[in-house]
């Protein structure tokens, strides 16, 4: 029935199957079988050494319409990549990536759209994640709407969309633009118009509870059971305490501990055991205890020696630090830092034991480092967004560069989140 | 009043202006002037040789809110670039580009958004152009709407948006997805669901006149005064004749002149003096007279010699040909063509005098050629979308490569249109 | 779009050197087949033979045999597979088809390249082979069309390559 | 975003070599100035002197003096100029500011980096200098924010660099 093919390098077969296209109005054209021999091609490298065996049974006909699903619990090596798509911001998305997957084509597990520099938050206990995105009715034109979209982690489909009425923060992505309370009862959403506030969203009822003003203070760093700490324009902190319904109970100021002009700190902390670690532009590490009802400033220490400071070492990057589950902190360092280089990244990753406030390792970023993240588990991998906007995978124990991940839909993957 | 600066290489000045930010809730922080000398930098190459002259009067304070406008008649060297943004299709746009502009920063004259692989048409006589685009309410989700947007060429703002109800053609962009009647009274809009039809739009009243089915036949090639010719799945043509109101008067078949399986032609013609030039995959040139009420097939001739055919020469590319105002036709040729290479582009541009059906020139595409276009006027420039998705500019008289245009917002600029 | 390979792989000018290499099977009078019409297809069904049917190759590679007429992002790289869509997308019911030869059994199969729709472009594993591709007037074989026109979302995400029949010898 | 330069210019790893080069003026206690509040600004006005005020350099180059704190696409490359928006866009009334030194007269000027909004990103002449840039808690000096939040469209297209005052000596 089938043309016998002895030499796969000169394969040419004449076929004609039946003519059917549902909904197609084109007049089916009867084809008359034997075609010109105009093109003889070698077969692909993939198949060039295969000798066809026509005695094999034919492949089964496959069903259409099949859609994949994901496990409810994501493996430790999976991460959420915030692909902000800086030069085409309607195309932003979260990419769910297995950074330990050896096979290139299996890196991507799925995606969720995130329009116009949307914000993202992830749940550790609920089988869902949260995207806050905005749309104009006509792309760049027409009325704007801000939407909180609750996604099902298994199907990657929206469960519910909630219209929000306070202008959400739209800035380069960061890990703390939306955060969850310790018990994951409430989601806290940063607003910025540029008046600053945050919206409390109840994850059980899936309804907005309230929006609470934080004049001059930004971002919702979760604190204790039911509190939110924000960082203020005068170098102080503001903790908002909620009641059990998510309504404001009280607000508390923590005295200024830095100068926003002279000694600025990054507003992108890492967390270890209830302490928020906020590096300064110049290389001090500020500790803020976020484990109780009100934030408490715990002092600072230096990431760098005097010699290193003189040499020009500074921390820097878009997502410049992360912590692993063993309590180590990883931070990008730039040997040629200056005021202006703070978001540009660096050439090394330094690893700190924050308990002893000592550096325990450092390794070179193989291709520059703009952002850093660490996977979950006892044997974490360090994932670095490099200068070419690909991801370099490094073993933090040995400091050894493992490989570069590219062509996973990445254009500007500047924030990575642990997946649960 | 100002710190005197003698050495611009060691510039450091302490400044403090007044504190005002309309609508900003941040508490203004009083700054105390003298700052740390932590960073001393050399100034930029731009300015390094300038000796500041403080006796000059200060720069005037500038107004905000200024928006540029364009001339109603675009110069001959301007083109519309269809930036389809293939890997981020919400970010598609038309870029108005002066391909003869020597200064890099002045290449772009303006842009108009074109969402989800929208279609474009340009008017020669009206101070407007047309974009057909689609939106879902929530980016990739929600109800879809197809919109014809009429743009003002001077302000690059929408004049009117018209909702269309027949599924518009969504395919890789081409020059003939929307076309105008010879007198520019009517706009013809291709629909494809995959049932094929075209919508007649009155450019005077700015209203839809009618939608006319063309079963099995696609694309609206303008014909004569008030006719539209489409190309059919059996290798024939269908001409639809309209009355003066834009309603269907009659339809006429032109007998099949090619085999859509064996001897396919490109559906992307160039036009010279009322004749549509449709190359075949294998290198024949089919002439269709579109100057009268009903299309007339005028026969074919070969772009290539027998030797060239044997060697593998074939035409190919996304927008593989264009004509200049002197009546010359430019077509991309691939020396290693095969059935499957038709949209891949080629390594040379050949120039034909279609009256004498002879090739009068050929030149190498400096960096591969995927699409080709020619500017208006007596001294046209050839513009080639190259394999890196930049534009190579070539002088067709000498065949000499002039320069490459890049970084003009281009990602996948695969169709170019003359601007008027 | 083959010419886009370069863009994604950032290898300039490789196209000119490689564009003649591909072409497992030419455009040979293949069928007008919509995936949703499979039950009506008079094609050979998988037999219940003693040995198992076989394929060979990397379904994440553009060279894989099923992709002979493909033009798009491979769903096998996007969280889907050759015959399934990534999570949260929707498979278009209508599409274009190609006829590709399985090098393991030497048979020609009708492949339906159903698009997965409803999320922003996958933007991984761009593959443009175009063997047997025809222009818009042969819509059944036209891969320039956004076939998500048949889905509830017209946003193209990636392309599958589904075995929907055996192409009969003529 | 400076690290994006590479992406756009396709020059890998140049960042590490060049990131220390820039820095015309450090972040020196500059002003909280919104462009819409200019009439209220107690700044020096252009004098009616005999010689003309001067600037020098290519306003399409990231090195141009006015761009010392910029982070975005330069409107001067997008159909606009240092102080005007491209056709069909809208200038945001609020924004962040920097203080840059004009090398011709040696003066420090307050520069307002008003975004132009309402069309898809210009995607040309990406420039990230960030001198004096501060995080979100100092929103007046924060260039990570999409300042199109003050315009009718929140879609960012490009950034201007408008002289809105002279920075006084302290």
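Labels A, B, C and D are assigned to the chains in the order they are written; within every chain, residues are numbered from 1.
Just so it is clear, contacts are C-beta pairs under 8 Å (C-beta built on N, C-alpha and C of every residue); 3 or more make two chains touch, one makes a residue touch a chain.
Protein names from UniProt, one per chain: A, B = Methylamine dehydrogenase heavy chain; C, D = Methylamine dehydrogenase light chain.
For clarity, every value in this text was computed on a predicted model and none was experimentally measured.
**Q** By mean C-alpha position, what chain is farthest away from chain B?
**A** A
**Q** Using CA atom averages as chain centres, what separation in Å is found between chain C and chain D?
**A** Chain C and chain D have C-alpha centres separated by 48 Å.
**Q** Taking the mean of the CA coordinates per chain, how far is chain A from chain C in Å?
**A** One centre to the other, that is 31 Å.
**Q** Where the centres are mean C-alpha positions, what is the separation of chain A from chain D, in Å?
**A** Once rounded, the distance between the two centres reads 28 Å.
**Q** So the centre of each chain is just the mean of its C-alpha atoms; given that, what is the distance between chain A and chain B in Å?
**A** 35
**Q** At which residue positions does chain C touch at least two other chains?
**A** Residues 8, 20, 22-23, 26-27, 29, 94, 119-121, 123, 137-139 of chain C each touch two or more of the other chains.
**Q** Can you list the residues of chain A that touch 2 or more other chains?
**A** Those would be 21, 23-24, 26, 28-29, 31, 35, 38-39, 41, 87-91, 113, 139-141, 193-194, 196, 216, 232-233, 260-261, 338-340, 411.
**Q** Each pair of chains that touch: what are they?
**A** All chain pairs meeting the touch criterion are A-B, A-C, A-D, B-C, B-D.
**Q** Okay, in this complex, where on chain B does chain D touch?
**A** Residue positions touching the partner: 1-5, 8, 11-24, 26, 28-29, 31-35, 38-39, 41-47, 50, 52-70, 91-93, 96, 103-113, 151, 154-157, 407-409, 411.
**Q** If we count contacts the way the header does, which residues on chain A are in touch with chain B in the complex?
**A** By the definition above, chain A touches chain B via 21, 23-29, 31, 35-36, 38-39, 41, 85, 87-91, 113, 115, 133, 135, 137-141, 147, 158, 161, 193-196, 215-216, 232-235, 260-262, 282, 338-340, 411.
**Q** Name, in rising order, each residue of chain A that touches chain D in their complex.
**A** On the chain A side, the touching residues are 86-90, 116-117, 134, 136, 139-141, 144, 167, 169-172, 192-194, 196, 216-219, 231-233, 260-261, 264-268, 312, 318, 334, 336-345, 347, 367-368, 370, 387-389, 411-412, 414.
**Q** List the residues on chain D that touch chain B in their complex, please.
**A** Chain D residues touching chain B: 8-9, 20-38, 40-49, 51-61, 63-65, 74, 76-81, 83-91, 93-94, 99, 101-110, 112, 114, 119-125, 137-140, 150, 162-170.
**Q** Would you mind writing out the residues of chain C in touch with chain B in their complex?
**A** Contact set of chain C toward chain B: 1-4, 6-8, 12-13, 15-16, 19-20, 22-23, 26-27, 29, 71, 94, 118-121, 123, 126, 128-139, 142, 144-146, 148-149, 153-156.
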